[in-house]
Every structure is written in C-alpha cells, then in structure tokens.
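The structure is given below, and queries will be raised subsequently.
Here the chain labels run A, B, C and D in written order, and each chain numbers its own residues starting at 1.
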Amino acid sequence: MSRATSIPQPAGADQPPNEAEAQSPSVRIIDARTAIDELIFAEDPWYALPLERQRELSDALIRQALREHLERCPSYRDYYARSGAAEPGAVALADIPLVSTRVFKFADLRSVEAHEVERWYRSSGTSGQPSRVPRDRASLERMVGSVHGSVGLLADWDEDEVAVINLGPGREHVEDVWFQYVMSLIEALYRSESRVPRDEAALDEIIGLAQSLLDDYEHLIVVGPPFHVLDLCEHMQRRGVELQAGEGATILTAGGWKRFGGRAIPKQEFRAVVARQFGLRGEGQVRDVFNQVELNTVLFECEAHEKHVPPWVHVAARDPETLQPVPEGEEGMLSYLDASCSAYPCFIVTEDVGVVRRGRCACGREGTRVDVLRRLESRAAKGCALKMGQIHANG
Amino acid sequence: MSRATSIPQPAGADQPPNEAEAQSPSVRIIDARTAIDELIFAEDPWYALPLERQRELSDALIRQALREHLERCPSYRDYYARSGAAEPGAVALADIPLVSTRVFKFADLRSVEAHEVERWYRSSGTSGQPSRVPRDRASLERMVGSVHGSVGLLADWDEDEVAVINLGPGREHVEDVWFQYVMSLIEALYRSESRVPRDEAALDEIIGLAQSLLDDYEHLIVVGPPFHVLDLCEHMQRRGVELQAGEGATILTAGGWKRFGGRAIPKQEFRAVVARQFGLRGEGQVRDVFNQVELNTVLFECEAHEKHVPPWVHVAARDPETLQPVPEGEEGMLSYLDASCSAYPCFIVTEDVGVVRRGRCACGREGTRVDVLRRLESRAAKGCALKMGQIHANG
Amino acid sequence: MATKTKTLPSVVCGTVVRSAPAGHHTSTTVTGHELRVPLLAMSDVDTILADGPRDRLAELPTQEIVNFLYAAGQNWKSSEYVRRRLYIRELINQLGYSPEMAKLEANWIAMILSGYAGLYDIIASELGHRFILDEWIPREEAQVRAYPKGRSLHIMPGNVPFSAVVSVVRALVTKNQVIAKSSSEDPFTPVALAQSFADVDADHPVTRALSVVYWPAGAPGEAGERIVAASDVICAWGGQSAVDWARKAARPDAEVVRFGPKRSLAFVDAGERPEDAARGLAHDVCFRDQRACFSSQQAFVRPSPAQLVPALSEALDNYTEILPPSAQGFDDRGARALTLAEARFLGFSCWEAKDGSWAIIHCPPSFAAQHPLSRTVYLHDWPADLDPGAQVTGDTQTVALFPWAKLRPIRDAVCRAGVSRVVESGMSNVFRPGGAHDGMFPLQRMVRFASTELPSAYVTKVMTVKIEQTKFLEQDRFVEFIP
Amino acid sequence: MATKTKTLPSVVCGTVVRSAPAGHHTSTTVTGHELRVPLLAMSDVDTILADGPRDRLAELPTQEIVNFLYAAGQNWKSSEYVRRRLYIRELINQLGYSPEMAKLEANWIAMILSGYAGLYDIIASELGHRFILDEWIPREEAQVRAYPKGRSLHIMPGNVPFSAVVSVVRALVTKNQVIAKSSSEDPFTPVALAQSFADVDADHPVTRALSVVYWPAGAPGEAGERIVAASDVICAWGGQSAVDWARKAARPDAEVVRFGPKRSLAFVDAGERPEDAARGLAHDVCFRDQRACFSSQQAFVRPSPAQLVPALSEALDNYTEILPPSAQGFDDRGARALTLAEARFLGFSCWEAKDGSWAIIHCPPSFAAQHPLSRTVYLHDWPADLDPGAQVTGDTQTVALFPWAKLRPIRDAVCRAGVSRVVESGMSNVFRPGGAHDGMFPLQRMVRFASTELPSAYVTKVMTVKIEQTKFLEQDRFVEFIP
C-alpha cells in the first residue's frame, strides 16, 4: 500500500497542498480506508475476480457512493429529488440520475468543502468552453491506485527494467492539465524521459533515444497521444528508420483519435504502422488507455484490445433519446458511475458513443469492457447554423 | 591541352552532337587554335601576366573578335552600322556598340550557322521571359578552358585529393540549363557528389557526407547557390553541428544572392556564418564565382574576395544614361566584351550594377576586378504600374 | 435497418456522367442507406475548364438566362414533374425528410427558379440596374457595365437545399460558369437541379454552364486543385472549417464569398397577442428543423417565458402536424437528450413534446452556448434593462421581432453590434429582394465592374468649364477648381 | 552627393510620436538622402487597438466626416499653409519631384479632401444612397443600412501620393478606423495628411482614427501581426508581392481589397486632329511620370505612328516645361538606357528628348513586355484588322481613347477582355464619381450591409395576399404563390 503515498504532484500544479496535509501527508486516506480502497489498493488485481463478484462489488460500492454524494452535494441531491428516482437502496443502477459531462462547463459540482479541493482540473474538451472538475486528495489517491492496479493488464514488468518515453503533451493539450496529470501517472511508474515531438530535430532525437533505451533496458514504453506516435512513425518512415524492438517495447496511446484537420485515425491501420516501424513482435504490443477529465478511473486495454472496466465503475451504453441502457453489444451514449470519486458525484453521461460488453474477454479475463467509438457529432453542426459549443473542431 | 577534349556533355542536353563532329571530335578547334585559345588553354595562368600585357592582349583579342562577328552576324553588323561607330581597327573599346542582355529574350542572336549551334541555353533570369543564348563547340571548349585556367585563383590543389559536393540546382534553377552546365564544369574537375538539399533528410545526409569526405580527402569543396549553402548552415545550427574543417575545405558559391522572399543576403555576414559552421581557418576559404548565361567566361574570386577578369574579357561600369564608362571605382551598369565567344557577339550590357577596379589586387595579382553589387531595380517597378517584364521576383 | 446502396452521378457541363474513373466516395445517410458519389476525375476537369461552357454563358443576354430558369422552375412547380417526384422521394428516403418538408423544399426550388421578377429586382438592387449585365448604364459621371468574373466554384451547404439553389442561381444570372462541389450531406439537390436544366434544353448555355462534382471536404486532390486554381469566385457555405479552407485554397486574386456558420434569435413581446407571437416563433423554429442559419434558436420573451409556453407548445404541436420534422439521427437525438439532462440538472424548466418532436427550455442566455438544434427553443427572460445589442455578435445573422411595429426600434442596437438581418418573427426564411445576405450583396461579388468615364467635354458638378488639364497646367489655374 | 538624414515620426491615433522604442528603418531616397522611419512598437499597437478610436468614428454622422475632410482640404488648398509648403519641399528634396509636380500633388490632395459633393456622389453611387451610413434606406422590399467594417489596414502605395490619400478617405467616409502602413518609397504623404487633420482639430474622432505606422514590406513582426489580426479590411496597394502578402496574412474573414499592379494603354486615331491627339497622350504619359497604374505606356496609333511623332514630341516637350519630370534614379535611367539599346538593336525607330526627359519607340506590341516607364511611349501600328480585345488582359486597367466620339465603340471589346476603365485620352488621372476602380466599387468592400426586411403584411410583387406562411402550410396553398 505504500505506493499510495507516492502521488506525483499534478503537473504544473498552481495550488500548494493544504498546510495541515503537508504536515501529515495522506493521513486521512490511509486511516479512513473503506471497502473501495481495499479493492483499489489490493495486491491482487481486480481483473482476476470472477464476473459475479465484480458485479456484487460494483452494486455495493456505487450505492455507497450514491448515499455519500446525496448527503454531501446539495445540487446533486436536488437534482435527484426532482428526477423522482427511488431511494438509494432501491434505485436500479440504470436509473441513477446522470450528470451530463457538459455541466462541468456551467456549474461547479462538488461533494467536498472548497478547502478540501486539491485542484480544479481543466480540459479543453470538445468545445471552446473548458470543463472544470474538482479533485480532493482521496479521489487523486484512488486515481493513482487504479493506475497501479490496472497496469498489469498491459504486462507484468519488473519496474527497474522498464524505461518510458513520454511524447507530449503537444500544443493541443498544453492547457489540459488533467491530461498531463494522467500521463504523468503512467510515466511515474518507471524511469522516464519526456519529449515533445514539436519539430524534425526533436523527432530525430526521439528516434535516437528510443534506440538507446531499447539497447539499455529490457522493455521500452512509448506513451503519447496517437497523432504524436503517428508523427514519429511517419518521420521514421521518411528517414528510412525501422527499429527492431521485438518483444522489448510497448506503445501506449492516450488521448484523442482525431488528427489536426479533423480526420479520425483508423485504429487497426494505426497499430499496423506502429508495429512495423518499431519492429514489434505483434500488434498486441500497441495499446490504448482511456480517460476523460470527468472520470476518475483510467481504463487500460488488454492484449485483445479491449478496455476493461474495474468493479468500482459501472459503465452503460444508453439510448440517445431515453438515456436508458441499450442491450449489450449495441451502440449507445456512454455513461459511467465511478465510485472512486469522492470529490463530486461521478455519475456521468458523456458525449462519447460506444459499446459495452460483459462476460469473458478474448484475453481470458472476466468482466466488463467498453469500446469508445466516436464523439457525438450532431448533423446540424455541419451546416451553416452555428452550434456555438461546436465552433472548434472536435478533439 | 588535352583537357580540351574532355568537355562534359551539357547537363540534360537534348541535342546530340552533330554527326560530323561525333566522328572527329573537336577537330576544328584543336586545329584552328588562335591566339585566344593559346591564352585560354595556356599552362601558365593568365593572372600571372603583368597588367600591361593583359591590356595589350585584351585590346587585340577583342578587336579580332569584333571583326569576326561583324563578318558573321548580320544583325550585329546592321546595328553597328546604324550606331555610327568607327571601323573595328579605330573604334575605342568603350564605343563598341553593346547588346542589352534582354535582347536574348526577343531575338536569336548568332554568328555561326544554325547547325553549328551545339545548344541554345535558357535562363529564367530576372523576369518571366527566358533568355535563349546559343553556344557552338568552340565557345563551349573555351568556357571549359577558362574554368580550368582560372580555378587556380582559388588554390592549387592536387586533383586526386579533392572531393566536391555540389548542392543544387534547386527548384529555381531546374529549368536553367546554363547554370547547371556551369556548375557541372566546376564539379567535373574533381571527384564529386551531387545533392539537392530539398528537405531536412537531404540536409542531414549532406552533413554526414561532408563529415566523411573531410575525413577521407585532403580537401573538400562544397559548391552551390548561396541560399542552399545558407540553408545547410542554418540546418547545422539547428542540429547543433559544427564541423572542424580547418584548412581542409572551400565553400564556393555561384548564383543569385537573393533568397526566396526577395531579400539579399549580406555577403560578409554570409561568409562569417559559413566559416563558423564549417570550422574554417578563415573566411578566405569562402569564395564566390560569377557567370550569367549571356557571358562566356566564369569569373573567380581570389582570397581577397575580388573577382578577377581574364584578358579576353573587357569589363566596364557604365553611366546609366549615356552608357559611357564611369571613372574607375564608381558604380555603373556592367558591360562585358568577351572575345572567347564565337557563337554570338558577346558585347553585352547587363542589368547588373557594379564597380570595376584595375591595378594590383590585395591578393597580390595584377589585373582587372569586378564587384557585382546588385540588379538594376527600377523604382517604378515597385508601384502599381505593371512593369510587365518584372512581375516575377528578381533572382 | 436494411441497408440499400444508392449511387449518384456527377454532372459535367450539363451532361450526366455515371462512370467514375477516380472512384466513388461512400457515406451513410441518416436513414442508414449507403450513398456513393463519384470523385472528381481529371477527364471531368478537362471538359469543365474548356473555354466553351464559360464563354457561351457570358455572351447570353440576362433575360435569356432568367427565362431559362423560369422554364425549369415551371417544371419544378408541377406535382406531375418526374424530376420533382424523384427528388422528393430521395429527400424522404435518403435524408429522412418528412414528406411535407420534402415537398416544401421542392416548392421553394420552384419559387426561386420561377421568380423572374424577383431576380430582376435583385439584380437591380444589388448591381444598380436590371440591364447592367447587358448594357452600359449611366451612373453619375460614368457609364457602368458588369461582366461575369468567369468561373465560380460553390462549396455547397449540406443543411439547406434551398441555399444550394440560391448559390447556383446567383452565379448564373451574373453569367458565371458554375462548378458545384456538393456536400456529402446532400448530394441530391445540385444533381437534381442540373438534370432539370437538361430537361428544358440539354444544349442550352445555362445547362452547359453547370457542373456538379464531389471531393471530400478539404481534400480536393489534384483534379480538385485544378478546379480551385481556375476559379475566379468561390462561394463557400457551411461550417467554419469549410469556409476557412476555401479562403486558403483560393487563388490570391480570386473572390471568396463566405457564408459561414451563424446563429439567429428572436425578441418576442407576447403580452398582447400570445397566439400570434407563438405562431411566428414556432415557424422560425420548425422551418428546416433549425438547420438553417436564419432559424431562431433562442427567444427573449416578455412579459415572461412561462406565460408563452402554453401557446408556444400548441403552435409547435401544430407544426408537428403541418410540417413534421425530419428523421433525427442518433447523434442529433443524443445531443438533445444531453442538453435536457443538463438543463434539468441546472434546474431550468423544460417542456417536451409527447412525441419528442420539440422541446422548450427556459434558461439564461449563457446556456445558449450549448444548442442541439432540432426544434429546441431556448426562452430567456427579457428584463427592462436588458441591452439587446449585448445579446448578439457578428456571428448573429437574423434577429426576428414580434410584434413588428412595437419592436422595430431594436434593430439599431442589434445591427450596430453585428447583426446583418432583422425580420418579423415568422418571416426568417423569406429573403426579400433588396436585403443583404451576411453583410454583403452577393451579386456584387460575382461580377467585375467596368466603367466608361465621361470625356473632358462634360463638366463636373463643381466646375463650370471643360476639363482641359494641359491648359490648366499651362495657366497654373488648377487650384481654382478645387471646391 | 552630400547625404543628409531625415527622421520622420509615426502617428498613433492622431498623435505624432517621435520616439521609436522598436528602432528605426533606414533607407536612401532617390536624391541620396538617408531617411529614417520608426518601426511599429508594441506600445503603439496597444493604443491603436483600444476601442475608442474605432468606436468614436463609427458613431459620427457622415456629414461630420465629410465636413472635417473639407476643412483639412481648405488648408491644403492654401499656398500659405505651412503643412502644404513642408510637404511640397519634402517631395522635392527627398523624393526628387519637380516643384511643379510636387505642387500638383498637393493640389490633388486638396481636391479630394475638399470635394464634398464628389464624396457624397461616390457614397451614393457605390453604396446606393448618400445617407445609407446614417439611416435605413428603403430598397425594394427591405431597408438597408451600411455599417463600417471596423478597422482598416492600408498597405500604402509608394508611387502615387494621391492614391494613398484616396485609400484613407474611402475608409474614413465609411467610418472605418485607419492604420496606414506607409511605403518606404513615400513615407511623407500619410504623415502629412495625419498632421493636417490634427491642425484642424487634434481631438476630432477623424484625427484620432488615423494612425501611420511602418514595417518593412512583408515583415510585420509581432507588433504588425497584431495589427493585421485586428484588421477587418486590408486595402493593399503596390506590386504583386505586396498584394499577395496581404491576402495571405489577413484573417480568413477579413476583406482584402487589392489594388495590384496594372498597366494602361491608349488607342489613338490622329488622322484629323494630331495636335489634340498628341496633347492627350502626352498628358497621360507625363502625369506622375508613368508611375501610376492608369498611365498610358503604349499607344496604338492611326494612321501611322511616324506621322504622330512630330506633334507628340512637341506635346511632350511642352510637358517637360509645364510639368517637369521628377529626378530619375540610377536604376530608372539605366532601365531606359537598356530599353533604348534593345530597341535600336532590334531596329525600331527611337526618338529622344534632347534633355532625356522623354522617349518614343515605334515597336510591335510584343516589345511592351519590357517597359522602363519614365515618360517612355511605345507607339504601335494599328492595322485595320487588329482586334483591340486581343491587346489587353485582366492586367490592363485603363484604356484611353482619342478621339472619344469616334473610338468609344472599342470599349465593348476591351472591357469584355478584362479592362476595367475606358476614358478619353488625356483624362486617365481623373477618376470620375460613378466609375469603378479595378473592377469593383471599393466602398462596397469597406462596409457591412444590414437589412430590415418588410414584415408579412407587405405583399410581394408576385402575390396579392399577405405572407401567412403557417396558413399556407395548413391549407397546402404554397404552390399557388409560385409565379
């Protein structure tokens, strides 16, 4: 559990930790550990649990979180009351009133006192107006814990034998403090170097660095936004460089799948290019992680390219009109109930369209998986009627 | 003299040599060598001759050329007659009627039969309309001879110990066959590699090549248009590369001193940058050569950065109104009387503004030097009155 | 949903081309059908850029062009006209229009093509004289004539078929060749228009002047780049990226006419005639399902939004009946569901149609930054101290007012702040002759004006003698003639 | 030649600024003097981009602006006005103008500033009504008003002081703030103009609206880029690179008004009145020494060029006397010397003034590809079968004709081929109200038009009932109203 004390400072943090906490770091969390913390910080990974056990945990943890937020967050409590939902013990998870992620653009939503907020995280998100999302110490520690507890989905490396090159953030994320923080968590696990591939010289340097780290370490992780990884591969192509990483590298993407200019990158094609340029043994070594500023948990892709959802998060794909869950395997608007978040009621419905699957994954693990397919894009937004929130290109 | 037989084929030549000549190469020139050929192809360099001897030779050779062109070129003969100039024996060199170089845009000017023209050379020049200049075998051989006979102004290298990197031509000279030809002459003297610095990858490669040639050869010559050399130096700067050439390299520029975008490069600043980036012992190792498509002789810069003019060329700076020579050291429009050209009357006045000096040079040699300062740029051309020939940027 | 594939032709100088040497672009319509359109091919470009199609049109008298359009419009007007019937069917089947909306769209196409008097009035009011494209027209101390710029490229809107037709008609009446780059959202309208021209006269210069081509937004390829480079005018409709692309891609001396994204809103005083107020607002909300730039998205309401809701609900229900909405795709429905969830969380009152065809949200103006369109009306309070000018920007196109007589004074404040058009509520879709479009008179951008200036014998207003400049200089008298 | 250094100030919102925190740009004038102009500084930009200077002007009635310009013009008209005297002296000493040319330039500045009636006529003929910038003007079924675009940046011409003033006046009468980026060839005119405004009233909104700044062509630096980004209109004068730069640098939604390089020529039938023909042509050649785009460079002459030469030589000599040419720099003289050498080599007949002030070359039109300007006239044969339209392109601005009555029919051929202006020979420099400039009416580019469209109660020309769209839909009657 000692890992929990090693929270990296948020990148570019502009608020010092509260003084009281500076004196006795992390004391409150370590002492007040609840069922959810036991799960998040467990030695045995959550993804080894049987499906049924995951379901039970999920139900209990989310109901407990719901009770706490109804108690602590007046605006959510009012919303809950207006919605006519049954009381927390009786409500179906599908009927828990959802907060649209876009609300974070308009309102400050929190379940903790103002002084308990470690930081407000901003995300440029899909439109001009940024979202502002609060995080308290407990939420941040759980976030770190969930990364530690889930990274095993990628592989089981010896910490000392892994080096990381972090590509980014690029200019599109410079103000996106949350994205930087999540990247820093992944980076913090191992020896790492940060390089922004802002020009040809930087790309050349990254190639050289990758080559030397491949020589010196058992395993190299390159982590970055997809288009930066693609820039790097295209640069290697132009330079005629093909690395020979074999099993010795994992390429980890995080962030938007649209390039500047707005076109989406087809993921399979992307994996093929990356595997070829790095000389990987297989495309299974190209993985993606998912997070968004309003969600407190990072979702990792297994070797079958499925994103596994831990039991403290309940995910559903919902009908675009009724917001009720659609049958398993059908496209819907993705919603998350994340019990790991104590700072605000993380019961959210997002602008992402995706598919949810449960049961046994091709990787062999049991559990819930989510496939994030695309952003909601209103047809109207393409016309001459100005849909104000969408002036800027989608991420 | 055997060198004269080694004329390189004009780069990209699209006309095969005349059949008769293919059977007995160069026969006419070798046999019919005149005073001028003895001078051009002499073992002892012309620049070692005393000033007075250079003057005598100049006067005699140019008068002889004038007589020949009056005989063979009807359009020049008519022009001469209309001008009222004295007969060839009596006319002052300053009064020989001059042909504006822009005439080559309008008229085909030649003193040889059509079938004797080896090739018409084009130059994009200073305006949209290209010049077309004919060359016969004799003119081309003398051109080659003049390069061989003048290259000693640079230094006295052992042919086998010199390697050349030829940067170019860039896209601005792609259709400029004459420029390519002149570059190929310089290149043909030594072992050489041609590289167009069209992108970052090519620049990287050139740096690597330069480094390895410096290691393998006693002397490296890098020859190219000034802005290509500057591109290379700026790229080295970005890459943090500084070569350590010492005395082992000469950087030779040829071509226009304006960059894309139209600004002139200050030559002294240019030499300083190049010397630093290549790690030269001194700026004397950065030299320039001058030629233009209408001129049959290449002018080389000595270590004092003065361009020496061989005795078969008479150069003058002229008043912009009367076209009479201005006093030595004053700016004027440059004119050349080049006796080495048999293909057309090379008695030309150009759009270049410059200064002519005679006597002993700082390098110690005696003779005539020319400093080409800039292109004529009519003030009117900057206004909204369309001066049609000047729509395109000056070279 | 069963997927059917529909393959559209391109039109090259009036001729329907079904081959696609450069391949097809495939997309999926809102109704789930696969739609294939030919990509522009080099051979098409050769035909389009020949001099003939451009020059034959330039030599036609204006009235011949107007008459030709009228003939095409008369066909469009007839419910028996097969092209109209096919067009309506495609709008319904492929683009999910309700039959009533599809028919209305066809009627509006008939309206603009047939509106010969309106066309003459537009030419006269924008260019100065009905015959200015044919003859020299005196104007002050000169005579002026308008010549076509030459070739016009139209980056077509995908949201409003009518706008596509307007763009083409403006170019044709100013005698410009037209290359319509259709939108993948609506490739039907320009093709149907071109075919209806050929139905009138397949070899008419107007028919030959119209080509309909396709390339994916922002990716013209080599063939498209040739078209762009040869275009003297580019009319760019659509989202920000489309209009910015046009400006960047255009030749430096080409005219780029931008119809970029805009929003529109209403000011409604419903105190006296709430039913009339509601009817006008409902029309401006329902017409084209808020997909047009002139559609009202928001309304500032007096005496109070809540009081207007019953009448507005009824008026919107009436529109659901007389002009049912088009099919809403997954994303459009999702956008509205999110908006309603947000509004409810924020405690705003929301009203929804039982069948989901419309929604009303009573919210502050700041909430308008999220608007899902699709017949969703945001009602805002309108306190006495509200500055109407502060509610609009240069992005605001049309401000609709009710009642007209009472609110017309508002126009000064909103137009100073950037609004380009003020109308009576319920009239947003009617662009009257004489009015400007997005701040300009577009016909002025389609032509090159030439002038003949009066010779020296004609005195100016401020001089009573002939203009003998040499004499004035000789006698040093110039200064006398300075007023 | 003794070199003197002249340092000019910049003008920031009407205030003369002599400090230069960003340093100076130094150049050498044709008369060999060193000229220093301050480079635009960030602190200047802050002042210029404040709202005040823009908004105060926008609220002024048009007539107040015109009256203010008139007051400034009345000063310029007076030979006692110190600003005029200084300006004339600088044109002579620094730019090498002859005293007569410098005085004429000052007179023309007085003329445009004082020409209130002409300004009203230009507003009326370009925008549709004299009061359209102040009031709502009925136009067909709408009411129209013109608002300023806001901020205008002027990339100033270096060749024609008068054009610089025209550019500023057009922007001011349309109530646009003006940032004049002066040319290093003539930094005097815009500064003198701004100072003459301050002489009338240093705090007047028109005075405050004018700033004069400098950056080297194509290199605005960070400060200049802020100005460019804040400019709603850019008027770009000068060479191809200047106008292309403006288009590239401008904000995508900014209007770019291009006055790029053009040439002009004449058609002269000298058969009946050779002296009059010669006088007109000589005027159009000598006025501003052919530096203007409207200056005649070539003339097609009947019955034969040679016959016109005696009268033309005399007329040109007369102009040498009444309007002596400005000093010709080394390069200008060199350009003409080369041209004459070429012409002589090619066997063309050449005539030169004894003092070198003019030259005539009788040559084929193809030789016009080289033109040295500086009062050099190319005379071409004009055979009966020559197509005037084939002698011009879109690059040809003004075609001058003599005699007017006989040759006016030529205008159709040349204007169809791209010419934008046809005048009587000898009148090239007089831009009459009502005429177009380079194919457009520039004032239309300086404003944003807003319109109020008539409400539903007003019937259209093609309907005799009110526009009740809801009722039409309810009763399915729309199609009845299609003409």
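One rule holds in what follows: contacts are C-beta pairs under 8 Å (C-beta built on N, C-alpha and C of every residue); 3 or more make two chains touch, one makes a residue touch a chain.
Source: prediction; values computed, not measured.
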item	value
Identity of the chain that, by mean CA position, is farthest from chain D	A
Rounded Å distance, chain C centre to chain D centre (Cα mean)	34
Cα-centroid distance, chain B relative to chain D, in whole angstrom	43
Mean-CA-position distance for chain B and chain A (Å)	65
Chain B and chain C: spacing of chain centres that average the CA atoms, whole Å	60
Residues of chain C touching at least two other chains	260
For chain B, residues contacting two or more additional chains	none
Graph class of chain-chain contacts, one of line, ring, star, complete, other	ring
Residues of chain D defined as touching chain B within the complex	30, 157-160, 163, 183, 185, 218, 237-241, 259-264, 289-293, 295, 297, 329-339, 341-342, 344-347, 356, 366-374, 395
Interfacial residue positions of chain D with respect to chain C in the complex	58, 70, 73, 77, 79, 100, 104, 107, 110-111, 114-118, 121-122, 124-125, 128, 136, 138-142, 144-145, 147, 243-244, 247-248, 252-253, 258, 260, 279, 282-283, 287, 318-319, 322-323, 404, 408, 411, 415-416, 418-424, 426-427, 429-436, 439-441, 444, 448-457, 460-462, 467, 469-470, 473-474, 478-479, 481-483
Chain B residues within the chain A interface of the complex	200-201, 204, 238-239
Contact footprint of chain D on chain B as seen in their complex	75, 78-79, 82-83, 97-100, 102-103, 105-107, 127, 129, 261-262, 320-323, 331, 333, 349, 351, 353, 376-389, 391, 393
